[in-house]
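Report on the following structure.
We just call them A, B, C and D in the order they show up, numbering each chain from 1.
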Amino acid sequence: MRETAIIIKEKIKPKNPVLIVGLPGIGLIGQVVARYLAEELKGKRIADLYSPHFPHQVFMTKKGGMRLIKNKFYYMTGKKRDIVILSGDVQAISSVGQYEVSGVILDYIEKLHIREIITVGGYSTGKINDKRRIFGVATSLELKKDFEKLDVLFGSARGSIVGAAGLLPALCKLRGLRGVCLMGETHGGYVDIISAKSIVVLLSKYLNFKIDFTKLDKKAKESEKILRKVEEEIEKSTIMPYKPGEGSPSYIR
Amino acid sequence: MRETAIIIKEKIKPKNPVLIVGLPGIGLIGQVVARYLAEELKGKRIADLYSPHFPHQVFMTKKGGMRLIKNKFYYMTGKKRDIVILSGDVQAISSVGQYEVSGVILDYIEKLHIREIITVGGYSTGKINDKRRIFGVATSLELKKDFEKLDVLFGSARGSIVGAAGLLPALCKLRGLRGVCLMGETHGGYVDIISAKSIVVLLSKYLNFKIDFTKLDKKAKESEKILRKVEEEIEKSTIMPYKPGEGSPSYIR
Amino acid sequence: MRETAIIIKEKIKPKNPVLIVGLPGIGLIGQVVARYLAEELKGKRIADLYSPHFPHQVFMTKKGGMRLIKNKFYYMTGKKRDIVILSGDVQAISSVGQYEVSGVILDYIEKLHIREIITVGGYSTGKINDKRRIFGVATSLELKKDFEKLDVLFGSARGSIVGAAGLLPALCKLRGLRGVCLMGETHGGYVDIISAKSIVVLLSKYLNFKIDFTKLDKKAKESEKILRKVEEEIEKSTIMPYKPGEGSPSYIR
Amino acid sequence: MRETAIIIKEKIKPKNPVLIVGLPGIGLIGQVVARYLAEELKGKRIADLYSPHFPHQVFMTKKGGMRLIKNKFYYMTGKKRDIVILSGDVQAISSVGQYEVSGVILDYIEKLHIREIITVGGYSTGKINDKRRIFGVATSLELKKDFEKLDVLFGSARGSIVGAAGLLPALCKLRGLRGVCLMGETHGGYVDIISAKSIVVLLSKYLNFKIDFTKLDKKAKESEKILRKVEEEIEKSTIMPYKPGEGSPSYIR
């Protein structure tokens, strides 16, 4: 495998679909939201994305299997609109990798006739109140207006968005697609379930679906545990393999 | 997006055109000059350049929009010659990226029948007088002679030029184009408005245009502020994403 | 050479073949096993793999020759099944390199109609008993059952496998091939001959071959010596070439 | 420019030719030998090699020009055999770059029907006598025998050869060409003119040319001075451009 590739597990013809992207990032908000939606709305896994820009290691499973590091696409039908969700273990680590992975994702969703992308992330404000605000930036006036009606704050967030949460909506504009990034206000130093929940509520209003929130807390803790494990393992592969350690032979890795 | 690409916004047929390049560099002279010319001469934006060799992040705008990191081409007509200006947020960070971006720029300007390239940069001499000198290096005897008449010093600068200011005129020679790099003498430790102005004056003589200098000071301060902000944000994306920080969970990025 | 390439030395048409992979890794178990099998079973060298993702240096031989860093394929016929062995000096150092090399290996073995891959590695448990356990992870239920019958423990190992030992069986699943990674329990801090031997015994049962174990100890020590030498040399090439050292001119490299 | 490229300045049809390669390396022996031969034997420049794997900067010349970092090919006719010489400012810095550059060089010389490659380097033995030994490693028995007759020691040098001096003869074997690396014994800590001279003498015997040695000392000092300058400049471009320095704005570079 020399380039990022998507392995399609099931072909779909979604109805007026939207892509929701939640990958590891600030406060783990995106990932908690995406994993929770995929599970609670009983999303069907339709495709996996693999990339040489992900770490070169596999995870062992409890049943004695193993799996590559990947990103996953889920699909669920809705009343008015169908939803595709992108979730995953990691984001590509280099700029070249991030641009390549984003390009492959956009190629795929264009084939599914998806013309709207919502990425979910966190926005660290240092101090937070009980009621978390949601900040937005959009590449489409239409999307901006829709989310402003749902109390998302546009023009308040400052600075930059690192990684897929920013790249995907910005790049999709070059293809004539609509994109918005929704950022839950968060402290930045821990997994923020309250903020994640506020985004799930927002999306349920925007996309008109019903969802049970009782398991969100449990799910978020599970997400955090998984990611910590994932990161701990990835850390191992970034140790320079040919650099001899102190007191132990260098071929031990 | 897997390779550097130029998105053309408007097709032009320039008359005996010259490309002026001013990207971030020593003393910020190139960028101040390019941005000032583009604004004061009312340049029309004709193309944007995007690259996977730029940082993988987007900037949020005041109006709640977002934009990719990019380089921009402007176009303005002149009495005798038309001018195309290349300005931008960043330069590619790696050698491979620098060569790729330069190649894409030269492909584009060749299509516009541009056969002359002027890059603008700074040259740090440590100590400076009120009257800043301008140093030049050229790949064309004709250009050298023209700028020598305008008091540019050839053969005085020593050492090397890092990045696009050097690569573009040197690479364009391989394609049979003329190139010169004009370097404003500068201290090196701050944005040098006096040196930038001296180059704007030089270019106005060489290309025979009139320009108001009253706003240069304000513009330069604005340029500095923007670049500081850009760099501050880019800094964030270069923090190793999988490296756990001290006292904060490693997935926070 | 711009991409990983396999140079075929001899064409073979193996009978119901299996690939056994043993490259440098934890406790050097994989490499000791692969080299020992190749030598004791009188494997014939059928192909060499070269890669720009291996270090850019060559080894000098005792006879005044030199050779590139490489991976090697050996072939031996068996009663029921033929065996192909992959051994080598190094693994690719980057993720992009690891994925490319794995892809080239899988392309090659598919051409040989190999549909089963066994990678051998080590699994560090910190403390070890005289009787080393063997852990397994598989991408095929069939392989898992076969090795469970031979006392390999599935579902006990935790975490991740870095490099080719994990990537090859995981990637081969995407091509419809069967894969298993066998990991010898080991301390992690030294070459583990006992653990390597236990895997050779396991493979002799699984593949139904007879093998003399008397030379394993000597072979393992030789393997360790060679690898230490290889790593010592590779270390030299990773010193930044343009970084001046202290007290010696910077062009010395 | 996205890939390493050779710009041909003059087409030649050499007679039974040999390639001699001398690039920056241990004791600067290769570079001193190659530059001296090219100048004393009045070599004609026939081609330049450029690469995105070389540093992204240009050197300013005394006459107010500038030039890209490059490698250069020279050509000279001989009584029995013609000679092509490869010399240059730098070697590619990464493994991927080294393999790409070597591949492009071999493609070019194959087109010139060159079937023999001699690379020149240094071999650090720590302590040295007045009479420097010359060590050799070859990929051709024929070449080995020829140089053994001229007192080159085969089988004495140990370890590895980093960079083009090793990669080129090793890779050329895969193409059916003959290759040898000649290493002048040297201390390792300074430019070794005595060792360089011993290799020039050796090559004059092997290739049957006459050469004046009186200017070698002067030439070697010049080579050292140039390379120090080159390295000093390259050092500048490897400073991380987006990393803010202490006490000075980060855009200053």
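Everything below uses one rule, namely that contacts are C-beta pairs under 8 Å (C-beta built on N, C-alpha and C of every residue); 3 or more make two chains touch, one makes a residue touch a chain.
A quick note: this is a predicted structure, and the numbers were derived from the prediction, not measured.
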Chains in simultaneous contact with chain A and chain C: none
Labels of chains that are neighbours to chain C and to chain D: none
Interface sides of chain B and chain D: same vs different residues, half threshold: different
Length of the line joining the C-alpha centres of chain B and chain C, rounded to whole Å: 50
Distance from the mean Cα position of chain B to that of chain A, given in whole angstrom: 35
Shared interface positions of chain B, touching two or more other chains: 55, 93, 234
Residues on chain B engaged by chain A in the complex (per definition of touch): 1-2, 7, 50, 52-68, 93, 229, 232-234, 236-237, 241-244, 247-253
Interface residues, chain B side, partner chain D - complex: 24-28, 55, 90-96, 98-100, 102-103, 124, 136-139, 144, 154-163, 166-167, 169-171, 174, 181, 188-191, 224, 227-228, 231, 234-235, 238
